[in-house]
Structures are given as structure tokens and as C-alpha cells.
Amino acid sequence: MHANTQTVASDPSLAFQKVRNQTRKLIEGLSAEDLCVQSMPDASPGKWHLAHTTWFFEVMLLQPFAGQAPLNANWLYLFNSYYEALGERHPRPQRGLLTRPSLDEVLAYRETVESRVLAFLDALEPDSATGRDALAVLELGMNHEQQHQELLVTDLKHLLSRNALQPAWRSPSPRGVNPEPLPPAEWLTHETAGPVEIGASNTSFAFDNERPRHRTWLEPYALASRPVSCAEYIEFIDAGGYRDPRWWLSDGWSTVQSEDWSTPLYWRNDGGIWLRFSNRGTVPVDPSEPICHLSYYEADAYARFRDARLPTEAEWEQLIGRQEWNGEFADSGRLEPEPLTGRSFGGNVWEWTQSPYAPYPGFKPLPGAAGEYNGKFMCSQMVLRGGSCATPRNHIRSSYRNFFPPTARWQFCGLRLAKDIP
Amino acid sequence: MHANTQTVASDPSLAFQKVRNQTRKLIEGLSAEDLCVQSMPDASPGKWHLAHTTWFFEVMLLQPFAGQAPLNANWLYLFNSYYEALGERHPRPQRGLLTRPSLDEVLAYRETVESRVLAFLDALEPDSATGRDALAVLELGMNHEQQHQELLVTDLKHLLSRNALQPAWRSPSPRGVNPEPLPPAEWLTHETAGPVEIGASNTSFAFDNERPRHRTWLEPYALASRPVSCAEYIEFIDAGGYRDPRWWLSDGWSTVQSEDWSTPLYWRNDGGIWLRFSNRGTVPVDPSEPICHLSYYEADAYARFRDARLPTEAEWEQLIGRQEWNGEFADSGRLEPEPLTGRSFGGNVWEWTQSPYAPYPGFKPLPGAAGEYNGKFMCSQMVLRGGSCATPRNHIRSSYRNFFPPTARWQFCGLRLAKDIP
Amino acid sequence: MHANTQTVASDPSLAFQKVRNQTRKLIEGLSAEDLCVQSMPDASPGKWHLAHTTWFFEVMLLQPFAGQAPLNANWLYLFNSYYEALGERHPRPQRGLLTRPSLDEVLAYRETVESRVLAFLDALEPDSATGRDALAVLELGMNHEQQHQELLVTDLKHLLSRNALQPAWRSPSPRGVNPEPLPPAEWLTHETAGPVEIGASNTSFAFDNERPRHRTWLEPYALASRPVSCAEYIEFIDAGGYRDPRWWLSDGWSTVQSEDWSTPLYWRNDGGIWLRFSNRGTVPVDPSEPICHLSYYEADAYARFRDARLPTEAEWEQLIGRQEWNGEFADSGRLEPEPLTGRSFGGNVWEWTQSPYAPYPGFKPLPGAAGEYNGKFMCSQMVLRGGSCATPRNHIRSSYRNFFPPTARWQFCGLRLAKDIP
Amino acid sequence: MHANTQTVASDPSLAFQKVRNQTRKLIEGLSAEDLCVQSMPDASPGKWHLAHTTWFFEVMLLQPFAGQAPLNANWLYLFNSYYEALGERHPRPQRGLLTRPSLDEVLAYRETVESRVLAFLDALEPDSATGRDALAVLELGMNHEQQHQELLVTDLKHLLSRNALQPAWRSPSPRGVNPEPLPPAEWLTHETAGPVEIGASNTSFAFDNERPRHRTWLEPYALASRPVSCAEYIEFIDAGGYRDPRWWLSDGWSTVQSEDWSTPLYWRNDGGIWLRFSNRGTVPVDPSEPICHLSYYEADAYARFRDARLPTEAEWEQLIGRQEWNGEFADSGRLEPEPLTGRSFGGNVWEWTQSPYAPYPGFKPLPGAAGEYNGKFMCSQMVLRGGSCATPRNHIRSSYRNFFPPTARWQFCGLRLAKDIP
């Protein structure tokens, strides 16, 4: 059952506050400076995430449903992300120039908007037509904020990784230890050809891109029982995988050469020891961890190296979506992948699929500005499934479609192998 | 039945000569200078196409099957396109620097290799295992050359378009005239949900990316009975389509702004008259012509403007592939789209589909270097269907999958509308 | 007489403290965020200036003269600017990524190093050979810090200008008002051809690039009695100066077109009113102010428009250097140009000269790492003279040579007209 | 005495024909393809040089003095180089796209314009005011064409160097052989401080940038008796010169790193043997040859490595300009530097000076469009002196100022050492 929706249905104010508090908790130990700087055009400053997720409740909820003018008209321009329907916006690559408003002002902005939302919810008749529409927007806004929680973690990790001091920003709960070598993955199989149904039904919250639930045709296939581990990926590196064009898509090979890639992002080799930058600073690679911070090109090349392939998103949803999920999620606060011990489904690392991000048959975007949420990006991106160590557990589900360009590496992305059953 | 294969089966030498002669015919009236220059990294010089298509027969046919050393070892480096398995190659954006070898040397190279191929075919036992393999490579090489015939036309058109003199390079056969206004398109329908089979069977030549023939699930849908016309597209321009973010994918809108697009490629407006550059020089736009030289983004935006969408490639193949094709192909020598008069299927303009270029279920690339022909490009490109005025008629079929990045405009690309049937 | 040197000679500790305090005063009212961000590769974050000027005393003074190891070896890498002799360094365009060390840590670093320097000075025998060498380095470091004070002001102004909120960061002392129209400039003349001496003598502090004092030949010439005013420059704009290639150097004209320049930096026209961004926010242009934030190309084009030219640096030093200087300097804390009232020499705006930045005859760089201070930049830059509203009064002198590339506009740069006397 | 002017004065038609014939001779053995392609934005296609030098006589001579309309109005746009006063022009980086007009058409254009010029000269009264003005333009046009002869050679050399076949395009007269090791250079001295006169007098042809002849002050100095040799420069390479920031200007060091320079342009090391690309194909480096194809940064770094410096242009003109010139010029047709045997002045390689290209005191550009010839470029370039193996002997003189940006390497540029005499 879908925890988030349940809570929104039973106590919207409490659910809203929980999400907002979780954001606040994420930035503990971070300075105004850490939250102001943008390390690359793809990333945003933490402060921007804090403000943008608040802006969303102002322009999507308080303005249309409560007729409340925004607190500061200028900020609408600053904190709009890409909603063309909502007017011009501050250029994305310049989000890091916003030293004003200050972090303190943004935090105060968050508090004021939170109070307004809570007051609005107090006065809302949840069962009226307007009430239902407003609660739907509230839930969209909460899910939107949870997405930005994950981005805040990955953007901050990227920023700190660019600092020669390689600072740690978390002293998290002690992480798991795996003294046993990780056993090989098993193959889970789907053995009959025929139509299956995938996508979200209408009984609980889902993004518009997960709908409509629809039939698609599957041929027999098998998926690995866990993501690829670091030990396995190191075999690819050691076999010269980054220097052998056989394994690579044409665009991937060009990228390997132009970007001079020879390891996953954040990795380096120090005298034979593999190290990776993490939110605990630079640490040795644990062979049992799922491989992470791969681009689509690397995930795809690795699969070819193993004479396998990546799953389609339908295959993934049909076979992995129905397992009991047991991976690492953001709720632990560790915010890095945990070592694998055996079968693993959901969490830890997003899994690249071979499916380009495209509309489902019969897809209809949400009406109004919210319609730009997902549909505008259905080109030149690949679908990822399953959630990561930075995804809140109650944010994710088996029909969830994440998407990034094939070059993106700063998210927590790994892979699971697939193969045809002849 | 498939004309090309028939001919190869019955008289491979004749079929080979026909394709080679067709290439020679294409360059009539072009100077060594016209054929040497590269106008952008995406395009190649004509001379390069002439040499590369010959290189293909040397390294794929004569070397492995006849043990013949290539005529000039250096040229292998110059005229390899992207086959990593065949060694290093001259960088694509620098193909235009090759003033040596001269056009005359390349034409002589073509003749020598042609003689060698013909001598090889004379001695071949077509029904032996080796003979069958060799004929398969011959046919692949002929189809490869036909693809480059089309690229030669589009690359040359782009080159001449960049010349302020706007030169004409063809005085083609008189083109059709359509004195009647073009009637509106009709909707052709596929009304039952269920699996259909698409892809190429194994009975005649097809590229590896058209295989395996496989089942896919279709919901009810309708496709227009002809491509979109210039008159219809001008309504989009006049309605401010290029200035309205509502219609555009996010990447598309960025491209419109960064590239300052406000018309299809090669168009300009001279005092209210729409003109376009063609291989007959700059000519007025005929409202009945199919709209052409659109990027995927423009095709997609136009469809949204009409409250419609682009077809998937399966929808296209199921409904258009089975019609009798009646469009304009390269065989007429006109090499520009012809005005529409009513129902139109195949030819004239490639039709953008909403399908990203991806492997079919169970896809296996060809063994060896030929395996790089198609599979290496299955990322970040969109499928086009149907062939164009620059495609030889016997090169194309209903399962044929062309593919280009969503930004590409210099090919003869247009679109046909699709919609769901609820 | 040279105020700075006098103070260093009489009381080095006091002089040192004054410069350091002045830096601290400059950042009053700025947040850690304001001081962390880098708005363009040419600029540096305020925090970086604060640390780098302290680094200088550590590696140039305390380490070689007092044998004191640096406080933090990693920071040497972070805060080296360009001294190749002192090892590798953090890339300049990435200075804005340094959210750690924090501003507080950098301020503490400043205090510790200050204490160390003061303790070192207490123990120093000023008249020993080592003492004299150490005091020379101290004075170099103080002048170095004063240069970075000016950069801190201009870099911060640039940063805030990129913020859509256009924030003000100073509420400075009330500025002068000029109720009278500014009278036309007069021509000051140097009427005899012959050699003159320019450059710094050895009696007081000067940078190595001001030496040796040497002879150069001047022909008769005249210089304007004050810099060009905004009112005068607006005539150039109104006459279409930015659209007329006649006035521009070839590189300048390319830059005008590629950068789309149509006004000085920070200017915009709001319904016929000229506004400019300043450290008091956006304010109306005062016609009596000296024109400011021009590139060399604009200064040169304006001079041609007036059938005049820019001075050479020798002409400037000979004629303006000997006047009594009465312009605006950083000491007032206003940090923006003041309106002109008549003759004006020194301060307010740096004045572009037509002299490329080149070594004086017999130039010898300082020994050791300090030799990289100036000489490494003697290519592709132009000399500016006279100091600006952000230059400390006791930092500047008539032989002082500032230098920037001809495209630079974010410094306080204007011009004074020159002409030949036939 | 100045050979060129003499001839123009005594027989302008003959002088004109000689220059034109020399251009025609240069392109012997080159194909239409060789002359059509542009290998980088800095270079131009040979055909463009052929047309542009002809365009010059049309718009500067025939149109204003003979009232003759240009042969083809469109071509004015295509073949204008940078004369803003003469209207818009084809973008420089796209000159290589001009496959039309063809080489044959351009050669016919040259002939027609030559006939027109000769007919015009036949009818001219040389001693009238108009006659004198017209002959001055004729001489300017001839000198202009000679400059483009040199560029045609260097641009073609660059183009062929980019071809993996490394083709030779000249089988020139046998070159000199130097069996003896080259003796060390001597120091020629100028021992008295004081004013000297440099620049061109008004008695014969010179470019406007060589005027006015004027006084400048020189301190005592010495110049080497010949350019630096390859053997000497190899010592710099072997000593790690390209990896040692000590020797380099800041911009130079950045360029070395970003461009990955480790040798002069066109050099490579094949198993310990130094090879260079030349117009005779790839040949071994002769240690006695003057070092060539250096940027300013490399010339300057080499001089520092030798504890010396580059000359100023005044020093060069005063001491080298007055020697008897004995170097290699274009007249031999060899078009590559010749080995040195001892003292060498003029020819072989252009010599970088430390003088930025700036106007002489009292400089006045020519009136009209010709005023853009030189003055528009007086920024961010460095002066070279002496002429090269691709310079016609009668084109050059001791006051001649060539100029290129400090990064330029495709010209025949070397250096001569200078030092102060204390």
C-alpha cells in the first residue's frame, strides 16, 4: 500500500510537515556557503532547492487555491525552474550567483509559506471538489520536494568533490559491514511471451508519466537478482573496458575519449587501491557495494562486456517491481549505497534501463503549468528505475520512472543485468 | 516482392553495376571543388562518399573473400567512417581537408575496385556457402552505397545553401503542377487493440536493425492519409508557433532559442513571399508540397499545435507500410519533394516518428565489423520512416528504419499526424 | 613624498595593521555567501582575496624569513594565484567552488597570520640586511593586498550586478552634487620634442614594472584637463557609435558584435533615462560623472569619434603625473566615481592609454617567486594610469602602471583625450 | 634604392604584370581542390586569395578612377576581406565553402581585370594629379597582392599538413647544403644611448603603418648576427623547455598547456629523429636551418632560456635594417628556409620582436577604405621584421612591419636574440 497517499488522505498537514522537516534535516551541518554555490550547470545550489520547493507551493497551491499573492514577486523569477507557462525565469547555469536572498531569508521564506499552507489546510474542506484538487496539488508538491531532496544530496556531493580538501559532510550512522564475499547473482526469469500491464493505476498518487496503466508485449527474459557490484565492475576496468571500443555505443565511445573517462565518477586509484569520494570524504571502495555513479554509456558497455544487456523498463517493472524491496533508502540518513549481501531489489542505486524516456500510449500531461512537470522532457533521456540511497522510501514505487541523459553520472546510478531467454 | 534482392539473386553483377552507375549519375554537373568541401561536421564531402562506398567493397568483400590487398593502405585510414573494428580513422569533421587524393584519383579508384568486384563475381559459385556469404555482403554494400547516395544529395544541398550565390545544380525533369488546392488529409484507422507483428522477415534483404520480426502491442489509433503540407505548416508559423513554448519539448525550445530558428531549414520570407533553397536554386514555396527539412522538435511541436501527435514506428509500419506507395523517389532525378495531390504513402519526405531508435527485442547485430553498421547508434536518435525524394525506390521498404538526432534538419524530413482513438 | 613608505619605514607594524584593517572594513555588511561566489572566470570570490593576501605573507615573508611552516599545507594549493615557482594551484575559474574553508575559518586564518607577522616584526632588526629585505617584502605584501582590495570591490560589484534583485551593498557617505553643468575640458600641452624621464626612481616603494626610470622621446602633444564625462559619452551612443565600424579597431568591432555591446557595462536605458548599476543599487547616470566601465576598445573608439586619440603612458606620466591629484579615492568609502567639477587628475577612473603593457628598457623582474608578480603578464594587455575610486590613495603614484586586456570592462576604467600638436 | 617603385615609376604596366604572373606561377601544380579548401579560420583558400587580390584592383582602382562597374556585383560581397567601408562581406571562417565560382571562373576573372587595368594604364597620364593618385593605388594593390602571395604559401602549407598523406606540392630547385657545423652567432652592438630615426621616409613606397619616420630613444644593446638555428632550439626542447613554466609568459604557458605544444608547428619526433612537414613533404630537420613556425610565446620563452630577450622593432631596424641582406626570399621558388652558414640578415624567417604593434607617433591612416588596411589591427598583435622565404625580395624593406597575434605559428616565423649592454 502507498504510505504517502495514506498519510495525505488521513492527515495532510502532518504529511506536509514531515516532508518539510526532512528537507530541513538534510541541510544540518551545511553552511550558507555550501548551500549557495553551483558546481556545474546540471546541478543547483542547495539554497535554490530550498527556495524552489517553497515557490512551488506558493504558485501552484496558495496562489490559485487561496488567492494569496506571493510573498515577493521578484523571487518568482528567481526560483522558477522551467515552467514556461509561469513566465520568465533566472537562467539555470546562473543559479549559483544568487548570494541574495541569503540563506536566512530563504529559511524564513520557507517558514512563512509553511505557516500559510498549514493555515490553508486547516480551513480546507477536504471532500469538496476544490478540496480534492488542492490536496492533489499538495501531494504533487510534497513529491516534488522529495525529488529535490535527492538532488540536493547529489548536487552537494558533486560540489564537495570539486574541493581539493575533499571534505566530509556527514558522520552518519555506522554502515553495514559484509565480511562474507558476495555470492554471484542469480537469474530471475519471466518465461512466457505475452502482454503484461505496466504503469500506475489511479488508486494512489503517481506522476503523470507513469500513466496510463497499459498493456505491452514481453518476450521471455531474465534479470539478475541484484545490481552489479564494484568487484564485478573492477573486472571490466581491469580488462581494459574503458579502452576497448567493442563495448561502447558510438556516442559513448566519443564521450569516453572527449571526457577522458577511465573509472566511474568520483573514483581514483591510489597505488593499486581503489578510492571513491563519498559524503564521508574519500574512502576505499568496498567490493560488495553496488557500482554507482555510472553514465548510461558505462552501464550499457558493462552489460555488453558480460554478453548481457540492460533491462527494458517494462521487464524491470514486471519482475523487480513485484519483489519485496530491501535496499538502502534515504530514511537511514547514510545517503551512500550499502554493501550488498544477496538478492537486492529497490533502493541503493537507480538502475539504468535500455528504455528511452517516452510517453506511454495514451499519455496525457496534467492540465496547466503542472503539465510541464514531466512531459516536456520526453526526448534524449533514458529511464532509470528503483530508487537510490538518497530517495525517501515513501516517495518511490515500482511504476516510478526517473530519467536522465545518457551522459549523467552525478546521480546514484548503477545497473542490473538482463538477457533474453531464447 | 523485393526488387533489389531479386536482381542480386538473378544477376549480381548487373545489380552491382546499376547501383554504381547511379552514383556516377548523381555527380554529373558537379565540379571537383563541389565534391571536395565539407560544409558542417554532420555532412561529408561528395568525394568522401564516392571513396567510402568503394572502400566498403574493398575491406568487406575483396579483402576477406578474395584475399585482395587494398589498393592503397593509407586510404583505408582516410575513408573508414566509424568502424572501430577496422582500425583508426580520419576524424569526421576533417573530411573536407582531403584535397588529395584528387577527384580524378578517387574516380579511378572506383573503376579499379568495380573491375575487381566484377571479376570476383564472375568467378564466384553463388550457391556455395562462401558464395552466399559473399553475395550477402555484396548486397549490404549496394544498400550501403544507396544510403550514401541520399547523403551525397543532402550534403551537397547543404553546401550550396551556404553559398551567397545560391547556385542551382540540377535542371531536372519538369516537376508536377498541382492547380487544385490540396484537400484535407483523411484519418486512416487501426481500431482494435492487440498484438501485431512488425519488422523484417528473413525472406529478403533488410538491415539488421529491422530484425527480428516480432510482436508488439497496439492500442487503437489513426494516421493521416498524407504528410503535412507547406500550407498547413505556414499556419503554424503564422500563429507564432516558433515563439510559443507551449508546443515545444524542453530541449526543442532551448534549440529554437539558441539557434534562432523561425522557419524550416532553407526557408526565408521575402516581403511576404515564402522562398526556399532547393537544388534548382531559390524557389517559391509551393503550398501543396509536403513540409520538409524539419527537425524532430519542429515536427513534434507542429503535431501538438494540431492537438495530435507523431506516430510510433509500429503504428506507422502497420498502417502506412501496407498501403500502395505512390510518393516521389530518387529515380525521377528531381531530388526535391513533389506537390501532394491526395493520399500519399512512402517517398517525398522521411516521416519523423515518436519512437526513439532502440533495438528490437532479440536484436542481434551482424557478426564482425558489419555489426557496427547500425547497433552502435541506438541512443539519442529518433526513427524516421518511409523514404524521401532522394531515396532510390528499390532501396526502401515498409520495415526500413532511418534514424537521426532530434536536431537534424538537413535531411528531407517531414511528418504525418497521428492520434489516439479513445 | 610617498606616504606608504614613510609609514613602513617609521612604523612597519602600524602600517601593516592599517592595510589589514582596511580590508576588514571593506567586507562589512557582506555575507559569507556574498564572499564565496565567483561570477566569472576573470573575477575571484571575496573570500579568496581575503585568503590569498594572507597566503602571500605566509609564503613570501614568514616562511623564508622566519622559517615558519604554513598553518595548513593544503591551503597553499588553494590560495596560490599564479606563482608557478610556488607549485601547483587551484584552477582560477574554480575559485568559487571553495565553500570550505568557511569564511570564519579564513578570517581566523587572517588573524593568526597577522599575529605572526606582528611578532616577527617586533623581533626584527630593521637595519640589518635581512631586516631590510624583510621590510621590502612586507611592503610588497601590503601593496599586493591593496591591489586585491580594489579587485574585491570590482569583483563584488560584478557579482551583485548579475543578481536580478540588483542589490545595494553600501550606504556610503553622501556623495557630491554638481548643480552646475560641467564646463568643457581644456587642453594641457607639452610643446617641445625631446627626451623625458619616466618610471619610478629608487627612493621609495614601486613595483618592478615601473622601473628602471629611463628616457623616452616625446613629440609635442596635448591632454585634456579631465576625463571624458558621461554626458559626452552619451553623445557617442546617441550618434550611433556602437553601430558604426568607422570608429572601431577590427577586434573591437568583432567584440561589439559578438558580445552585443551597446552601452558601457552596467548601463541600461529605461524609457529614455540612462541608469547604471552601482554599489548603491541601480541609479540614474549623472551627466557630470566620468564615464566608467569601458573596455579599451570603447575608449579608443570614443577618442576616434572625437578626432582625438588616447595618450601614451609616457605622455600621461609627464603631464598628468605632475599635477596635483584631486580625484576620488577609496579612502572616502564611497567606492563609485564622483561627479567632475573641472580639472581632474588622478583617482575616480583608471585611464586607458594607447600603450601596450611591455617591459621598460632594462627591466629586471624581482628575484624569486616575486618576479612573477608583473613580468609574466607583459603581453596582450594595455596600460592604465591614475587610479580609481576603489584605489587607496597611498597605494598609487604617477609612475604606477595598471594593466588589463582590451576587453576588460568590470574595472573602474574611463579615459582622457589626447592629441598631437603639429 | 627601392626596386619596386622604380619599376612602377618607369613602367607601371610591366611591374603590374610581373606581380600578377608571379601569383600565377605560385599555383602551378595545385588542383582546383587544393585551392578551394580552408583548413582553419585564420587561413584562406588559395582561390580566395586569387579573387580577393583581383577584387582589390576593381574596387580601389577601376571603379573610382575609371568609373568601371565591377564585373559581378555578388562577388564584391564574396571577396571583400575586412573593409567595413566597402560594405558587408562573406564571413572569414566560411571562405572555404565557396565551391562556386569555380577556379576556372576566378582565373578568367583575373584575366579580364588584368586586361582592364592594362587598358586603363595605357590611357593614363602618369604625371597628372589623378595619374599620380592612380599609380599610388596601383602600387598599393601590387604590394597587397604580394602579401597575399605569402599567405597563399603559408595557408596551403597548413592545409596539406592536415592531410594524413602529407603530400608534397613543390619539387623546387635544389636547396643549399651546409656541410660545416654552423658557427655560433656573434653580437652586433649599438653602443650609445640617444635618439635614432626609424620608419619610412616619403621617397618611395611604404605602407602607412611604417610612417611617419620619427625619433625614438635607444639605450645601448646588442643583437645576434643571425637567427636562432634548429640545433640551438632543440637544446631548449631537450632541456624540457616546453614543460618549465619559468621561461613562459603567463598567457604562453596557458597556451602550451591547452594546445599541448611540445615542438614547433609541423615538427614531430620519430624514434629520436626530428622531422618537419614542408612543401617537399615530411623531411628531416637540418640543424643549420633557422628555427621556424614558432609563436611569439615560444620565441620569447627561448630568449629567456638563453638569458636574453627579443629585440624591439626600433633596435632591429637600426642595426639589422642597415646590413646587407643575404637571406632566402620567395624569388628562388624554394619557399622553405635555407640552412644558415654565418651572418644572416633579412629573409628566411620573419623575426618576432618584443614590440606590440602600435601606431607610430603622428600616424595617419590612408584616406578612404585603404585606411583600414593597417590601422584597424593595432591591438593585441606583435611586430615581426625582415621577411621570409615566402616574401618577394622587392616587397620588403628595413622599415617593413609585419604583425601577427602571439599565438600564430603557421607563418614562417623565427627569432634573433637581443640583450642590453649595461
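Order of writing sets the chain letters: A, B, C and D. Residues in each chain are counted from 1.
Here is the rule we use: a contact is a pair of C-beta atoms (placed from the backbone, for glycine too) under 8 Å apart; a residue touches a chain by one contact, two chains touch by 3 or more.
Bear in mind the structure is a predicted one, so any value in this text is a computation, not a measurement.
Among the chains, which is located farthest from subunit B on the basis of C-alpha centroids?
Here the answer is chain C, farthest from subunit B.
Could you work out how far the Cα centre of subunit A sits from that of subunit D, in whole Å?
Centre-to-centre distance between subunit A and subunit D: 59 Å.
Please report how many Å separate the Cα centroid of subunit B from that of subunit D, as a whole number.
Once rounded, the distance between the two centres reads 47 Å.
From the mean C-alpha coordinate of subunit C to that of subunit D, what's the distance rounded to whole Å?
So the centre of subunit C lies 38 Å away from the centre of subunit D.
Can you pull out the residues of subunit B that are in contact with at least two other chains?
none
Should the pattern of chain-chain touching be classed as line, ring, star, complete or other?
ring
Among the chains present, which pairs are found to touch?
Chains touch in the following pairs: A-B, A-C, B-D, C-D.
Which residues of subunit C touch subunit A in their complex?
Within the complex, subunit C contacts subunit A at residues 31-34, 36-37, 39, 47, 74, 77-78, 90, 94, 96-103, 159-160, 162-165, 167.
Provide the residue numbers of subunit B that touch subunit A in the complex, in ascending order.
Interface residues on subunit B, with respect to subunit A: 82, 84-85, 193, 195, 214-217, 219, 245-246, 248-253, 296-297, 300, 354-356, 358-359, 361-362, 372, 376-380, 382, 406, 420.
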